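Read through the structures below before going on.
Both complexes below contain subunit A, partnered by subunit B and then by subunit C.
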Partner chain A sequence: MASIVLENITKKFGKVTALDGVNLQIDDGEFIVLLGPSGSGKTTLMYLIAGIYRPTSGRILFDGRDVTNLPPKERNVGLVFQNWALYPHMKVFDNIAFPLTLKKADKNTIQQRVHEVANMLRIEALLDRYPWQLSGGQQQRVAIARALVKQPQILLFDEPLSNLDALLRIGVRTELKRLQKDLKITSVYVTHDQAEALAIADRIAVINNGKLIQVGTPNEIYYNPRHTFVAGFVGNPPANLLNAEFDGTRLTIETKTFQAPAELLQRISGRRRIVLGFRPEKGSLLDHITENAVGIEVQVYEVESMGREQIVTVSIEQTMVKVLRPSEEKFQVGQRLFLCVDIKDLMLFDFDTNEALDVR
Partner chain B sequence: MSLGDVEVRSKSRQIFYSIILIALSVPVIVAFSMLVLSSFANQMVTNFDFSKVRFTFKNWQLLFQGRIAITGGLRENIFLYLINTAIVAFGVAIVTTLVGTLSGYAISRIRFRGRRFVLLMMLMLHALPGSILIVGVYFLYRLWMPTSLNALRYFSFFYVIVARAALEVPLSVWLMKGFFDLLPWEVEWSALVDGASRLKTWAKIMMPLIKPGVVAILIFGFLAGWQDIIYVRTFLIDKTLATFIESNLESEMAYMPLLAAAATLYLLPTIFFYISSQKLLFKVYAGGIRR
Partner chain C sequence: MIRERSSRKWELWAFLAPALVVVVIFYVVPLILTVYTSFTPLRNWNIQRYATRLIGFYNYQKLFHAIANDPSVRAVFLTTAVFVGCTLLVNVLGGLILALLTFFVDRKTNSIASTIWLLPRMSPIAVYGLVWYYFFHGSGVGTLNSLFLRLGFIDKPIAWGQAFIPYGPWSVIIFVNGLVGVSFGMIVLSSAIKSIPGEFVIAARVDGATDWQICRRVLIPQIKWHIMYVTTWQLLSLLTSYAHTYLLVSWRLVNKSYGTPWALYVYDLAFTGVFDQGLAAAAGTLLVLVGGLLGLITLRILGFGRLMTEPRGDI
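This part shows the complex of A and B:
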């Protein structure tokens, strides 16, 4: 119900720069997932949008209106705190009803709305308990209910499902997404779970060290990372990144050398060092090099079964590479094979800037 | 003894603890009972021979009439002393609570330079008994005291309250710091995001959560002021119950059962607060926040 614009947001805590020149536009009704390692500034960004922190510099706009200096109370934002922050002295019902009581909603409305969200989050049976009488996952859902109940124009979720078991997680996540789409509430959602990010995001914003690295649809983030950090962070396991030297015709990884495919020459454009990347599921392990692929000799280091698939770790001298293969293929530790990757599946990055070398 | 949940103490052990506690409190209970009995008797009850003891309300009657020395015609205004004691006690309670709560909040929430130092110094201060500090405190008193006697009377109340409260402040700051430490920022912020004003957040969220602490230091402060004798005797122009009892104990014409009545009166608030606040003190809320 509101668009968000972050303009050049910088946030410093003393000497620590938690956010560094962040620019982000979130459309009305969009579902953005913030993805980044611990300490990258995700929570800080949430607090800035909620109005708990003031940016050191930069502006925040809701629907084009400057809210940079507005207190949280006037922003109509719902926030699910990373540590839930339930009110310990209130029963679950009162916790959820708190935002409504502040708005002086009448008793019937409160009853009805609280039961509605409680029902959706499957915590109706718990309304009469105190927070300390709940499990972690239940407390988390109470926190979500409290954020939802006031039907804010913006919803901020700071790792809201981290304490739920896998099944419940998928259930609640689907409900959240549906509710968000129904009510068209602009949402920012922090998660460490990449599968979750890829599943529910309209767009993903990857953040590292207080800087936004890339913002894009799940597909763009996954298949077209603009930075080695994104490639090396997203995916399970993430993309393999290999340093390669280029002498004009041939590429060398450690001591292994192969002919640089003609298709790549233009993108490398004479750089002496580049970073080659590929997704684990794009590598194949064969006894020969296939057409339209680059191949390099490797040795099987370890095999981990994951049910339908297996992760095969192979070594090129010192460098370890992970490849995802169907379980039917059999590998022995120590076995020598060729690791082949189709040319179209290769990602190229600049060695110094770590940025992608082309737009595909 | 059977093995139960770790949290559940076995019955026999509970009984064992109870017996020890009761045994330990027997001397105290006996002493207090004798005092209370004496206040209703024609002579002090000092042993278990009750043959000469007669029950009477006379002591209490005389006490409230202010007729202290039964032979002499001296009259003292016991109600005034009661009020004076209450003023000092409430004064100390309020100053202690205000300073304790506000400083506790600041020390818990704000990482300022010298924070640890302040905390350590306060512990040191708490370790020193008030009687040791009194020379310095008296020096300041002489430095600031007004010359007019009337002003001095008011000033002495003010001074004794602040000086006595200062002794209670370290402990109360530590206690309140502990309470605020248990309350993460996020709970406060959560209320703000939910649409509460600063004042509402304080009243609806913070206050209920720190209430046991506030009540505790209110009571500690009150009792400290109520029971104090050293500071009151040194600084206060007027008398309180404590100084009243003390001066009469020393006088030659002391009538002990009457003083027992005064002492019983003096003890009442202590007992009252002890019993009434027990439940409240243990009502500490926690949980609902991941750490």
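This part shows the complex of A and C:
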């Protein structure tokens, strides 16, 4: 168990800056997810915590102790890989025992500890098999067992669910979260899957182009994105982002114009251009504009059923907007409607900095 | 249906034909001729007189008698065993060590080092032989001697390949041949190591493995098959190699008896001194038999059959 502090971490590979001035505090026992697209620097950040890489500048503290220059083996972290990295020439038992045999632990301790974690992960019956004789889900448990057997103070997960099929992924996700809560090991989990991040994290750190964009609970990230990148990356489908022009009283999207609600004026504070955003499930499609909402005329472009709900894609001239509606509502392609969004559900971003516009 | 099958068969043979022709002309026919010659008293290339006469196993009796009683032939026999065994060890271990070292150094150093180790392979045998001829030369001009003289290790030049029988000549021929073979193992094994996913090494490092532990417990077990392949290949080629030793012996750098492996002895019997091609053919046949046997044994030990059929890796 340990808290982690990343202080102004910059990592360069030659001319490429993989991480740029990252500051992050992770509490003892917290489950934090590093979320970002591929190439964003999230795996690099995790390898820095593991000690595989050294930062170009900045400090890393575990429980207040500076570990920036310590080799991996002195950091006591467990790492679970996307492809699980189980040694093909070793049986499951030897794979799990590997970290202990490196430390030259005595035979009884090894036996006891391996059986302990194997029992916890329900893989005791598999100890005598080779990795290639196991299913994906079983291999993943073995990989977690190998990370846990050395009783690490920090657990690191590098997209551990990506190689599992979709159905299994949801099951394993739940188990992982429960396991982490039971063991209370500080965990850092890297993924590009926003749904996974929302489901599993205590807090999410969204990272893009080597920069930390926003850190917050899943709710904060989802409902209160501080940056258009977060709004446009999290959610399925993600938030709609529309460029709007402001003339002092009215907002214009493409050629459609509507009165800017008085509640927003202060946040817009005279900007000529802003980015308007809203979650797909916050939009409604009606034949009139409701109260306390902004409305704009749209045309139904396509309807996709998702079972319980449907994704209705509507067009404002050239701009496509996705709205999530219950499947009971019926829409026809080509139908003209009003897209209404409650004023309280509107998100406002600065056009140039892409940062959220706050109520001040 | 039948026509289709037979045309497919033809296609198959058409593809195989060029390789088969080469194998038949350059391997099968000479092998048959050699075995046949070993049952004739052919000598001095007098084919008209001897080639049609059959004398049964006389050449083989003569050969085994010589191995048992002639000290110089026994020396050749012993030299072959030591030469093949030790050079094989140098080749495989050296190749493995270099492959592992290149894994841990950066790419630039890596390619420079690899090129240096390839030099012996790339240079013509005579040039390469000459380099070591001057290096081990028995006079004060020899590189090793002049170095040792200057450093004060020795007070007069030593003929390294002629002194300290048998270890002097053995060391020289093993050194010279070992250096040529190292690059083969290095190339095969380092490409095998490169194909191991990087996560294995990172996982081991996080678990606290040292470089040595990573080599021994993660990398080497995963390139076991490649190591065995290199071993078999080198064993068989060492058994039949004689070009370098031929030069070193004929330039009198090394002692003749203890610098001559079996393959060179076969050459000597047929083309120098006694010109006894019948006996040489018998010695050659023996070499083919031993080589074939060792090849079969190593393939059996390697479990070559298992390697070919068993599914490996992720399913």
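Just so it is clear, the second predicted complex is superposed on the first by the 325 of 360 C-alpha atoms of A that agree within 3 Å, B and C clash if a C-alpha of one lies under 4 Å from a C-alpha of the other, contacts with A are read in each partner's own complex, and residues count from 1 in each chain.
The definition used in the following text is that contacts are C-beta pairs under 8 Å (C-beta built on N, C-alpha and C of every residue); 3 or more make two chains touch, one makes a residue touch a chain.
The model shown is predicted, which means the values in this text are computed figures rather than measured ones.
With subunit A as the common reference, subunit B cannot sit beside subunit C without a clash. By the document's definition of touching, both partners, subunit B and subunit C, reach A:Gly78. By the touch criterion defined above, A:Phe351 lies against neither subunit B nor subunit C after alignment on the C-alpha atoms of chain A. Of the two partner chains, subunit B and subunit C are each touched by A:Leu102. When the two complexes are overlaid, the chain among subunit B and subunit C that reaches more residues of subunit A is B. In the superposition on chain A, A:Tyr301 makes contact with neither subunit B nor subunit C. By the touch criterion defined above, A:Phe338 lies against neither subunit B nor subunit C after alignment on the C-alpha atoms of chain A.
Within subunit A, the residues touched by subunit B in the first complex and by subunit C in the second are 47, 50-52, 72-73, 77-79, 81-83, 85, 87-89, 98-99, 102-103, 132, 146, 150.
Of all residues in subunit A, only 47, 50-52, 71-73, 75, 77-79, 81-89, 95, 98-99, 102-103, 130-134, 136, 139, 146, 150, 163 touch subunit B in the complex they form.
Chain contact summary for the complex, subunit B toward subunit A: residues 184, 186-187, 189-197, 200, 205, 208-209, 285-291. The part of subunit A that touches subunit C in the complex is made up of residues 47, 50-52, 72-73, 77-79, 81-83, 85, 87-90, 98-99, 102-103, 132, 146, 150.
By the touch criterion stated above, subunit C contacts subunit A in their complex at residues 197, 199-200, 202-209, 213, 217-218, 221-222, 224, 311-315.
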